[in-house]
Amino acid sequence: MNLQFASLLIALPLISAFFVPVIKTISRKAVMPFLVIITAVQTGIAAWVFEEVYTGGKPIIIMAGGFKPPVGINLYIGHFAALFVLIIAVAGFFMAVFSMKSIGVEPKDKYAMLFLLLMLGATGMISTGDIFNLFVFMEITAISAYALTAYNKTGEASEGAMKYIVLGGIGSSFFLVGIALIYGSLGTLNMAQIAQLAGNINPTVAQAALALLVFGLAVEAELFPLNAWAPDAYQAAPHPVTAMFSAFVVKAGLYAMVRIIYLLRDTQAFTGILRLVLILGTITVVIGELSALRQTNVKRMFAYSSIAQVGFMAVGFSLGTQAGASAGVFHMVNHAIVKALMFLAVGYVALELGGTSIEDFKGLGKKMPLTAFAITVGAISIIGIPMFNVFWSKIQLILAALKVGKTGVIALILGASLVEAVYYIRLIHTMWFESANGEKVKENFTLGVIMLLLVALIIVIGVFPNAAWNIAQKAAADLYNVSQYIKNVPLLPGVSP
Amino acid sequence: MVDWRLFEPLFEFARRKSLWIVAFCTGCGGIEMPPLMTSRYDLERFGMMPNPAPRMADLFLITGYVTPKTLKRIIITYELQPDPKYVMAHGSCPLNGGVYWDAYNAIKHLDKYIPVDVIIAGCMPRPEAVMDGINKIMEMIEKGTADGWKRYKENYEYYRKNQDELFGEGWREKEARRWIPWLMDRKKEE
Amino acid sequence: MMVIETALKALLILLYATFVGFMFMGIIRIVTARIHRRVGPPIYQPILDTIKLLSKKSSITHGLIYDFGIIYALGATILALMFIPLGGVSILRAYGDLILITFLLEIPMLGIMFAAMSSGNPWAGLGAQRALLTLLAIQVPLGFAIVALGEFYGTFSTYQIVMAQQSMGWSITSLPLLLAAVAYDLVLQAMFGKEPFDIMIAPGEISLGPMVEFGGKHMGILQIQHAIALFAETLFFSNIFLGGAVITAFASPIINTLATLVVLLIKQTAVLMVAIFIGAIFPRFTIDQAARFYWKWPTIIAAAGAILAAL
Amino acid sequence: MINELMIIIFAPLLAGVLAWIFDVKGIREGVAIIGAAVPLAYLIQAYQTLASQPSIQYSIVLSGFKFEFILYHLSWVFAMIAGVVGFAAVLGMVSTAKDSYEWLFALMSLTGVYGVFLADDLISFFIFWEIMTFASFMMVLKYNRKASLKYFLLSVLGAYAMLIAIGIIYAKVGAFDFTSVQRVFYQDAMRSVMGSDTLFSRNELLLIFGLFLTAFGVKAGTFPLHVWAPDAYSETNQSYTAMFSGVLSKAGVYGMLVIYILLGTRLMYEFGNIGAAPKFGYVIAFLGGITIIVGGLLAALQEDIRKLFAYSSISQIGYILVGIGVGTALSIEAAIYHAISHALFKGLFFLIVATIIHRTGKTQFKDMGGLAEKMPVTFAMAFVAILSLAGIPPLVGFASKWLIFEAVIHQNMPILGGMLFFGSAIGFVYLIRFTYAVWFGQRPTELDDTKDAPLPLAIAMGILALLNVVFGIAPGIVAGELNKIFGKEIIQGTIWELNLGFGRYNGLFITIWLVVGILIAAVIYFLGAKVRRVPVTDTYQAGNPVTMDYNLTIRRNFFLPLKETLAFWLRMSFDRLYQDIGSWVEDLAETLRHYIYNGNVQAYAWYLAAILIILALWGV
Amino acid sequence: MREQAIVEKILKEAPYAEGKVRRERRVEFTVPAERIKDFLMTLKENSFELMLQITVVDWLKDGEYELVYQMWSITHRTHAMVRTRIPRELDKARMPTVRDIYPAAETYERDAHDFFGVYFEGNEKMEMPWILDDKEQGLFPHRKDFDMLGYVKRKYKILDRFDENKDNYVI
């Protein structure tokens, strides 16, 4: 199988998204299984690509339409992209299985189509090598995310979606202006070439472009002031979609921001922007944790917690060192696993007991022992207890930050994670040690298996983190040293503005 | 298990020369006790020491009329005292009821309830008379006739019968529980 | 051979200590009587009391701990006695450590309290509580006094302190140790159970506190223990503060030891007299007054002594 | 190959997980006991190997960190404490543990402690510290949420302080393992002596020392940070508390020693010293002194049996801190000796408390009383434990206290000496309060049928009591071990005797002469008249007849006069301070969320505008 | 004199009572039984701070009890005797308690109840035994018609010892 098959990663969801109405006409019930099959095939391809990239060691470059990069749009699937495409595919597959059971609202085919478009957008954002193409894929993800948030047709859902649209719209428009500035000054849209020519942009233009780009993507990547939409959107969206939001949609936004910042490394504004992102990230962590302290709705509490964790990753990337970047990537992977598990479990509880407020969670240990166990393991690993996966990435990140001398920032973050420990422990205590009426619920087998699989993954990474750590280091290397990135992309020699 | 007869005279001398008093100052004789301890009469010359704990006392002074309620306490204190114990009663009231011969609340014959070794005459004897009584009891110890405690032990049934006749059967338990109903409800509040 | 010799010496010390202890108790009663302008009992009165108590024909017990507490108290006092250097005679002189002896002199109170409490008598409970608080109160000045001694002489062995005092003169001649001696003397007042601080065995109030349940032979053993304790405490005080006694002027060692015993006896009676005079004059403190008193003046004096000794 | 250090560390965790999975009454107890016994056996077997080679090492690489483990004399002593008391506590738990949840986390905390003692680099030290804290927290969470939250927050605060300190050191030194960190600090000390510029500035050193002090202070329960201990020790399975207070508090003490090992010389030269003690050590010693007094006094005023022993174990740790603080070789050795004796008698005490609660079901003093006749074995053990804790000569408590007294007073430290003496009296005081309230006095009618201790608990208590007596009579055994740590012979003297030059203590002579004294007293006793056993109702209460229904004892509020004299000081309490901080943070969080995420879109739009203005100011 | 002024002042406030001055520092009032509570209230206002005793006099021939409330005023240093008369029969000898005005009255009322059988409503410790032992609890021994000698003979079983006409008295 030659490497060009990798382009199927983009093509498959696109084609199948438009196939969905056809399937619908054949039979209404076939839509959801079709979605599951497509996501399964996507996972297969992604696994094959991951295998290729990590054994081969060389990234896969796909030229759309055979044109050489500076002219044509190219997909650059490096170590990072391979890893994340696999995560998106796997999360998508699990959520597809979960949505088979949990989506009750009627137009299921619309849901399936949006689901696939969301996956397409995210995969595209991560693997594209062209800045404008990045904008296009970001728009696809954003719009399908708006639609999915409003999918439940309740007042709360529509309000959440409206907030998301307003902020997302403004953000992406600023992002477009930023791209225009860069294209204006450099004449090229290809990321590799931008990195090459980044030296000779005049400083003010570079600073303005960088600021606008970061500001545009920050909305998607949920940094402090711009993540106001996130709690309502997470809470209102259907459960599988929330899991996908926190698992990869946010991370794709963050990846894009970080990729662009690192590309424009040679400009003078680089250090300034890094410090800005650092400050924003720290404030996100602190505000995210504090506001989750007195939450009565567990789903909203998890939303705040995932915002805070994303802020933590942003801090990781903004350190500007190789160790910081690899810790950030490792944290992304761990966070994806844990948050997918948590939102899956919360969704399942909401499905069975009809709500996600603390009262429903009282005495969950007796009613739904498996789900309660899953949530407990997830909570414990998020707090950062050794022998669980998030601990390793947290400690790497803290040490990387302290290496750079950011003691104040780390003190704030550790204080915030102390607060996080409080509300997670309150949840664990309510689940296991508070008595509640209501009889034992028979738990669905497939979801149980998925949850146990994720729990096993958490504990395995927790106890033997070496494998995951090497992957994260390779992925971060791909993201961090831009010179290697430029060499990999076969640019046409002569073409330049 | 050791035969102390050889040392008996020493023990008698020690018992005579160090009488510790449990002064149960009932009735009007109590006021006669302090002068005995002060510098004019000074019983400490004879090695006598006032001592509130019956466990280590020998001489049990009953210094006035004895009401049934006090008699209950006297009997209990008497039984708490270790063995060679002597009782000395002051005044005529313990003898035959004295001026309270017809009062319902005074005991007529103390001797019926506990064995009395020495009774000092006088409706409240003066300290000199008490000193004389003490000398009398010292002589009796020396001669070995101060055997009140032996008499109590030998014919315990007689004394017991008199006591139960006056107070009714099982009076100790009844007396102990007498105040509990009122104390108990206060206990619930705290 | 060595064992018999130490056994003989131990017996000698024990008999001498008990006899002198009883004489001290006699002296206390006579001197207090004379202060009250009374004739007072003969000097051998405590011995008579003990014989009378031991010869009681019947005795009661409240359980194993009730008896073991008393026996343990006397045993601990005898143990303490063996450590304090008594002129040339003492046996465990080399191991006579300041802190060890201070602890050993406090342990009999633990034994008595264990026995008293096991009797279940509420008076005994109250007495035990007050004895504990008095102990807590005297510990601070006592601690500072011992610290002052330890720092001043640099060593903790009483024997070396006695030797040092032979050359440097009595320790109360130097200021820090004078302060320590004053504080320690006030503490002795409570350890003897004398008037101002004998709230724990207040006869009228809680009918002799812990002693309420001790009858015949138990009280006899306690009398013996009190005698030996009196002797040991005064001996300890005279050793560490009043220079002890090491006389080698005479030819034969027997006369030397006799001379040392006489000198020690004089010093001990001096200490005793001070305690008796204070005892005869002052009324009894309540327990929190005693605690506040001890935590104020004696502690300041002893702390000053300790700090001066440390410089 | 699995090195024996790994077995020692992970055997309890493995047993815990197995016990949790096979949740069958018989099997899980067996597995747990094996889990606790295996490390103990290996440690004893390691004693021979340590005689020949200086230490046993092992290292593995895990996610970019190189973890090293070492077993040398100091860590062997601490590991043995953990082994013995841990084994006894596990034996105790056989009869008091309710379900497998407790087994899992008790054994996990034992693994954590082993890991902490055997760790040779900062990261593994931190990781096992976290495991130990988490496991012990889960034990408390099952019983009471508020207490467990308070405990978890304080200890995680300490752990994060340590993490920051480790981070700072890692940033400057570049490596984690103790040897290289120690070497760098030593060179740094030399440089500062020569006057040239040093790697760590003065306030950086202050920060690192402060952070380490808070981290280990929390775990050891020093004065301002001790508030979690009474609740945590009382709100969990009582025989686990034997391990909790006996062993886990030693981790805090071991931490203090780590400060000495790593930063000792550097801090000494940086901050100079008062008399013989280094200034930074004097801080630890002074805190320890205050802990003794505060812990002791509060213990005397408690109404709950578990709280009393919790405060008492805090005050005993104060002794160890004073020993460590003074900083001379003798005082550190005395401190470790007291750590051993504290583990022994405190473990024994908590097992006794476990038996009492297991049998009577009561924890307040006012419902207990007169148990001495009903539980003679437990009372005998309690008697030994009381003698040992109060520091009565023939037992180990006195030997270690005596060493600390000698070491501190010899360094000319009057204030500390005074505090120590006051502490020993307080120990005496609250023990008698416990004895009077629980063992003596009139027995409430519902306690009449209490049986004695169950077999496993009795065996556990027996082991600890025996060790208490043996180490008391022959203190030289332990002194020999301690001298090996420092290499040179600090405490001379034979197996029976401790000889410090300026003070000698001989356990054997004291026991002999005590026995002689007791024999003399016994002879006098048996010469007297035959004894008649008398019930409690036959006592002299002013002649009134006595009934068992209404018992006249001052079991409640035993030390009312003390409470009155200390009324002024009791008003200040750090517990309320931390409570207020906690609720203040929560209110702040509530108002913050209310204003920022207030839910209307216009506000969010304004946020965007705000960001734009910032970017503009940024210099676009 | 001073006492006269006090008596007039009180009588003005309590018309239902008569009062006179017996001698220097001693006044006397007679009050009907049902008005005793408000009279004591007025006394309290007129600075009669202490209640010394409630004594009961048993007029057998009139068939009445006379309750005497003895009060003492510290400011005026005068002693007031408040007399009331109540029927003697046990079931009718009932009085309202004055415990709320003078707390000390509680014990005096129990004392009166023990020995004379006067029942004071409102005093919750009425059933609590006060001084008398269990045997004499219900006998109210201080009543005039109580046969003391007969009871003593029965109680102490010394029947032969006394000669009724008291001329040969055998110990």
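The chains carry the letters A, B, C, D and E, assigned in the order they are written, with residues numbered from 1 in each.
The definition used in the following text is that a residue touches a chain if its C-beta (ideal position, glycine included) is under 8 Å from a C-beta of that chain, and two chains touch if they have at least 3 such contacts.
The structure presented is a predicted model; accordingly, all values stated were derived computationally and were not measured.
Enquirer: Tell me, which chains sit next to both chain B and chain C?
Expert: The shared contacts of chain B and chain C, listed by label, come to D.
Enquirer: Which number of steps is the smallest that gets you from chain A over to chain C via touching chains?
Expert: So the least number of steps between the two chains is 2.
Enquirer: Listed by label, which chains are in contact with chain C and with chain D?
Expert: For chain C paired with chain D, the chains in contact with each are B, in label order.
Enquirer: Can you identify which chains form the pair with the largest number of contacting C-beta pairs?
Expert: Result of the pairwise contact count: C-D comes out on top.
Enquirer: Compare the CA centroid of chain B with every other chain's and tell me the farthest one.
Expert: The chain farthest from chain B, judged by C-alpha centres, is A.
Enquirer: Would you mind checking which chain's C-alpha centre is most distant from the centre of chain E?
Expert: A
Enquirer: Cα centroid separation between chain A and chain E, in whole Å?
Expert: 95
Enquirer: Cα centroid separation between chain A and chain D, in whole Å?
Expert: Whole-Å distance between the two chain centres: 45.
Enquirer: Nearest whole angstrom, what separates the Cα centre of chain B from the Cα centre of chain D?
Expert: 57
Enquirer: What whole-Å value do you get for the distance between chain B and chain E if each is reduced to the mean of its CA atoms?
Expert: So the centroids are 37 Å from each other.
Enquirer: Which positions in chain D touch two or more other chains at once?
Expert: Those would be 527, 529, 538, 540, 542.
Enquirer: Specify, in ascending order, the residues of chain C that touch 2 or more different other chains.
Expert: Residues 56-60, 207, 212-213, 216.
Enquirer: Could you pull out the residues of chain A that touch at least 2 other chains?
Expert: none
Enquirer: Considering every pair of chains, which are in touch?
Expert: All touching pairs, sorted by chain label, are A-D, B-C, B-D, B-E, C-D.
Enquirer: For the complex, give me every residue of chain E touching chain B.
Expert: 125, 128-129, 133-136, 141, 148-149, 151-152, 155-158, 162, 171
Enquirer: What residues on chain A touch chain D, complex-wise?
Expert: Spelled out, the residues of chain A in touch with chain D are 162-163, 166-167, 170-171, 204, 207-208, 211-212, 215, 218-219, 225-226, 228-229, 231-232, 272, 276, 287, 290-291, 293-294, 380, 384-387, 391-392, 395-396, 398-399, 401-405, 407, 410-411, 414-415, 417-419, 421-422, 425-426, 428-429, 433, 464-466, 468-469, 473.
Enquirer: Would you pull the chain B residues touching chain D in the complex into a rising list?
Expert: Touch residues, chain B against chain D: 2, 53-55, 72-74, 76-77, 80, 83, 172-173, 175-177, 180, 183-184.
Enquirer: Going by the contact rule set out above, which residues of chain C touch chain B in the complex?
Expert: Result: residues 29, 33, 36-42, 45, 48-49, 51-53, 55-60, 203-204, 207-208, 211-216, 219 of chain C touch chain B.
Enquirer: Under the touch definition given earlier, write down the residues of chain B that touch chain E in their complex.
Expert: 68-69, 95-96, 102-105, 107-108, 165-166, 168, 174, 178, 182
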